[in-house]
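Below are structures written as structure tokens.
Next come two complexes built around subunit A: one with subunit B, the other with subunit C.
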Partner chain A sequence: MQDDLTTGYSAQSAALKGTVPGADALRAKAMTDFGAQGFPHAKAEDWRYSDLKALRAGVYAPVDAPKVAPEVPAAMGESAARFVFVNGRYAEDLSDLGDLWQAASIRPIANHFSSSSARTDELVRGKDGIALLNTALLRDGMVISVPAGVEIDDPVEIVHIMTEAAGQAAHLRHVIELGEGAKLTVLERFIGDDSAYWQNIILQARVAEGASFSHFRLQEEGLGAVHTAKVYVNVDASGQYHVMNMTMGAKMARFEAHVRMLGEEADATVDGVALTGTGQVHDTLTHVDHVVPFATSDQIFRTVADARGKTAFAGKVTVAKDAQKTAADQSFKALVFDRTAEANAKPELEIFADDVKCSHGATIGELDAKAIFYLTSRGIDPVTARRMLVEAFTAGALERVTVDSIRDAMMERIGTWMSSRADRTVAEVQEA
Partner chain B sequence: MLKINDLHISVGDKEIVKGLSLEIKPGETHAIMGLNGAGKSTLAATIAGRDDYDVTSGSIEFEGKDLLELEPHERVGEGLFLGFQYPVEIPGVSNLNFLRTALNSIRKYRGLDEMSAAEFMKLVREKAKALNMDPEMLKRFVNVGFSGGEKKRNEMVQMAVLDPKLAILDETDSGLDIDALKTVAEGINAQRRDDTAILLITHYQRLLSYVQPDVVHVMIDGRIVKSGGKELALELEEKGYADVA
Partner chain C sequence: MAGTAEAQKQIAEVTGDYKYGFVTDIDMDMAPKGLSEEVIRFISAKKEEPEWMLEWRLKAYAMWLKMEEPDWAKVSFPKIDYQDAYYFAAPKKKDGPKSLDEVDPELLATYEKLGIPIREQEVLAGVQGSAKVAVDAVFDSVSVATTFREELKKAGVIFMSISEAIREYPDMVKKYLASVVPVRDNYFAALNCAVFTDGTFVYVPKGVRCPMELSTYFRINAENTGQFERTLIVADEGSYVSYLEGCTAPMRDENQLHAAVVELVALDDAEIKYSTVQNWYPGDKNGKGGIYNFVTKRALCKGKNSKVSWTQVETGSAVTWKYPSCVLAGEGSVGEFYSVAVTNNYQQADTGTKMIHMAPNTRSTIISKGISAGKSQNTYRGLVKVLSGAENVRNYTQCDSLLVSSECGAHTVPYIEVKNPTAQIEHEATTSKISEDQLFYCRARGLGEEEAVAMIVNGFCKEVMQHLPMEFAVEAQKLLGISLEGSVG
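Take a look at the complex of A and B:
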């Protein structure tokens, strides 16, 4: 099978030759490495809970443009610019550059490699088969560079739409560069129809000294999709990185955040909320790497799994020998709606410095029946009561989303998701 | 207002309430007194609709409706309120959000429009003030980090805002110092009107000095064994349950 995959993807990679100036050598190297190692093994510790069967079963074709132009969802509040990608390609006619081009440099990734190829792939560390294919088949993506001292107030929205893409894969790469003291907020949205496509995306960012990058993700892929996403961020002194990943869609979704704290007083907030329905798998891996002293990181992850849904969280924090006075917190809590739902947690701390404050906690439980009765005993119906408790459960992560329109939209989705569960839950209760 | 007829309640195989009848009319305050394990709290929770208890026979009618046919939140919509012996802590849900959602749920059940935020705030502030509750506590998560007395006071604020026809108060006096007890008693007395009724469930006579009941019932082993006027509470306090029964 691996031979078939290698042959198929090699042909795709070769066909892309010349489309991205300066990237051919990088692609060829990645393709060779993919041929040697293939996709991660199902039994590999970091991949125990992700289901890569669909990826191993056969070669995903390159994406085609859809026959019918997709509907683009309305923006979430004010945005500085809006970039729309349809089936893995930038859709200029659906995008809106706003005023962003006046303050920052925006270019397609195809123009990026020739100028700075040496720097382009270096953030992507620990390359597995999925990352390698992303490089080997790389074609499109957005590069946004915000110059030193420039603060972009409104969020930049990047919308990824997949439609009529059964058996096809999009491999996208976005690059965000923030100069010293710059400020940028990016909202990435993912939506798609029910075709069995694969969205494979990497976002890499450099946050220079004193810069601030807020990164919100709302993953609402179609329920037949595989979504694999990796985020690589380097944070310099006094820089701030905040990511909040809300994951709801896809049959199988994997989100990885790899954050390196490279300067003193760098600060990272790495949060996530997963709403996992019947038959879905939502897997998260984070790695916050404290390389220097006096940096802080904080992680809050909350997952909610309905019947036969599966969530997993592996959170790794490494503190180098010299990274004294590091403060690193991590909290993972999972809710399961019944005994057929599954939640897995693996906190992992590797600390080589002796003067640090690091904590982690993981709990898995069901909705508190006493709390539900207390709420209903005040006149609140059970569906609303359960929704209020799930909202409260996820609040720790959502409250840290500083953009009101985005936070409200995320909260609203929790309400909708809970309501869509209500009928089924009631039916199941009656059955029982 | 409330008519309970030959009620039997079981938990698993064990019968806890063994044929209890009780009628409460508008304007009346009743007290059920009894020792631990007599079945008082089971009775209160069953009236409110907790599903851990099985009603094996008998009936509960509230304003002519079969209460046992209604979900807990529907019972509240009809005008019932249960004050908890152990109010539940709900991290992440603020007192204000909780109360406002509750009040508007009840209004919706009754076919009324939602109360505006401004009107609601005015109502809550007024009720909290009357019960000596620090307005800051309204912003905090429901009962989280509250002392025993603060939790009971919070129950009274909820009762005052939701304004039930019948309030069943389960051991609302337990764990209170004398000042808190007086405040809680004032809250209960403020809720006594010609068109409302109160059912107090308690161990001790203490609360009944401040909230004087019209009828006192003595409950032993799942039954009401004796009923009388408020003097019965004093008699119980003096002689103990064994002698009075």
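Take a look at the complex of A and C:
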């Protein structure tokens, strides 16, 4: 099987030759490495709870442009610019550069490798089969460079749409570069139809000294999709990185955040909410690597698993030998609604310095029956009561989203998701 | 409290070296070096085992050959050459001692030196009011003495070496052996099945509360040997037993392998309390020598409302790979795990527990305290698993790590897997160093720095220590002091 995958993807990679100047050697090497190791093995420690069967089963074809132009969702509040990717390719006519081009450098990743500032070593940080394939099939994506001292207040929205793409895959890569003291907010959205496609995306960011990068993700892929996303962020001294990943869609979704704290007083906030329903697997892996002293990190993850849903969270914090005075916190909480649902957690601390304060907490359970009873006794119907409790449960992560329009939109989705499950809930309550 | 003052004194007295590192000069009966079917036949013949046991061993050996050594633990050590060790070493028998008086005086002296009360009269003459402890003393590959057997027999408790049990109670051994840890469970368990030489068998009959603490003392003496012991404890309905385990080894430059399997079975309403003070030779200050401690310990709470409690104080061994676990199969059964793991110098410990909740209303508590000093690596690795049919499961896990040097590592790798919504699972973990304020306070009261650290560490471990039987608690506290010796400043 691996041979078939290698042959198939090698042909795809070879066909891309010349499309991205300066990237051919990079692609070829990634392809060779992929051939050698393939997709992560089902028994690999980092893949304990996800199932890559869909990827291992056969070669996903390069994605075609859709026959019918897709509908683009309305922007979430004010935005500095809007980039739309349809089936893995930048759609210029659907995008809106706004005024962003005046303040920052925006270019397609195809022009990135020939420029002298491109750091190819950082572009190939991902070492597993999924990341390797992303490099081997690299073609499109956005590079946004915000110069030192420039602060962009409104969010930049990047919308990814997949449609009519059964058996096809998009391999996108975005690069965000923030100069010293720069500020940028990016909202990534993912939507798609119900075809069984694969969205494979990597976002890499470099946050220079004193810069601040807020990164919000709203994943609402179609329910037949495989969504694999990796985020690699390096944070320099006094830099700030905040990511909030909201996962709702896809049949199998994997989100990875690899954050390196490279400068003193760097700060990272890595949050996520996953709402998991029938037949869905939502898997999150975070790795916050404290390389230097005096950096801080905080993680809040909340997952909700309804019938036949499965959530998993593996959060790793490493503190290097000299990274004294590190403060790293992590909180994971999962709600399990049904006997057929499943929640898994693996909060991991790896500490090689002594003067640190690190903690993690994890809880798994169902909604508190007493709290539901209390609310219903105050005249609130059970469906609303449950919704309120789930909203409160996820609020820990959501309330840290600083952009009101984005936070409200995310909150609203939690309400909608809960309501969509309400029929079942009512039946359950009546039964009880 | 006098006991505490005494313990403090003992900590102060200790001068930092491994006290149990001496070698007993005694004639040994050894199997040929290396591992092969012949060696297994040799061991089986030496132990005068029935044919079924030999077959079982050979089957396990065939399985082991096909298995791979696990590498997922956060420990690193040179590849073990399984052919470069002796798998059987026993003090030469002088016509089988009938009573303790006939046991080789060298051996008695050894246990005396280790402070193990092997002579019944000495135990009886001990401090008034102190509890009686029955001891099974295992020296390299054989059990050399089991005390208080007659008295235990009166209560119906079977307490003997497992080799004897295989001969005397074959049906019971057949029924329970490998029923908790299957032969193919893991690499080291399979190896143990093939070559295990001795260990302890305990059976506590229905409704009996074992009249005294039972204890096994393991001693590795011979050079280039591995110790592979096997412990099987069965607590029948409504019974109770408390079991203690201790171990030491001489100081040698080579690494020695210790791969034990411990199986506990608790039937309806039975309770087993299993305490370990593990003090194998940890290697010298430069990480040379020491014991590889690769142990599989598992309890099956088979019956309703049964309970198993593991308490361990891990201070020794160069490399530890040990996860005392509870399979909670009986409704309402309870699993507990209290652990203190101390690593110093170049020691590596990867230890923790697994709580598998299979039945409704099962509960488990995990309290783990890791202390790393020197250049050591200390990892807590645990699993709490709730199967979908297990309603109203409750688990509380707390793992705290204390770092005593800037060159050591403390890691926590807990796994939580829940398939039932009624489960309530809580996990907390913290990592920090000894607070400067606490140290300053102790120093201001005239305590030396090491004393102060020992005191703070003892406080940090108190939640676990209080679950140890009295006799062990004092020893364990003392050990903590020794293990951390030289780690301050």
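As a working rule, the second predicted complex is superposed on the first by the 418 of 432 C-alpha atoms of A that agree within 3 Å, B and C clash if a C-alpha of one lies under 4 Å from a C-alpha of the other, contacts with A are read in each partner's own complex, and residues count from 1 in each chain.
The definition used in the following text is that contacts are C-beta pairs under 8 Å (C-beta built on N, C-alpha and C of every residue); 3 or more make two chains touch, one makes a residue touch a chain.
Every value quoted in this text rests on a predicted model; they were computed, and no experiment measured them.
In the superposed model, A:Met388 lies in contact with subunit B only, and not with subunit C.
Of the two partner chains, neither subunit B nor subunit C is touched by A:Val292. Legend: residue contacts after superposition of the two complexes on their common chain; A:Ala341 is shown touching subunit C, with no touch to subunit B. Contact with subunit C, but none with subunit B, is seen for A:Phe352 once the two complexes are overlaid on the shared chain. Of the two partner chains, neither subunit B nor subunit C is touched by A:Ala170. Legend: residue contacts after superposition of the two complexes on their common chain; A:Leu55 is shown touching neither subunit B nor subunit C. Taking subunit B and subunit C in turn and counting the residues of subunit A each one touches, the greater count comes from C.
In the superposed pair of complexes, A:Ser377 makes contact with subunit B only, with no contact to subunit C. Across the superposed pair, subunit B and subunit C touch subunit A at no common residue. Those residues of subunit A that touch subunit B in the shared complex are 368, 370-371, 373-382, 384-385, 388-389, 391-393, 395-396. Those residues of subunit C that touch subunit A in the complex are listed here as 72, 74, 388, 401, 403-433.
Of all the residues in subunit A, the ones that touch subunit C in their complex are 45, 48, 321, 324, 334-366. Contacts from subunit B toward subunit A in the complex involve residues 48-50, 71-73, 76-77, 82, 84, 87-88, 90-93, 97-99, 101-103, 105-106, 109, 141-142, 158, 162.
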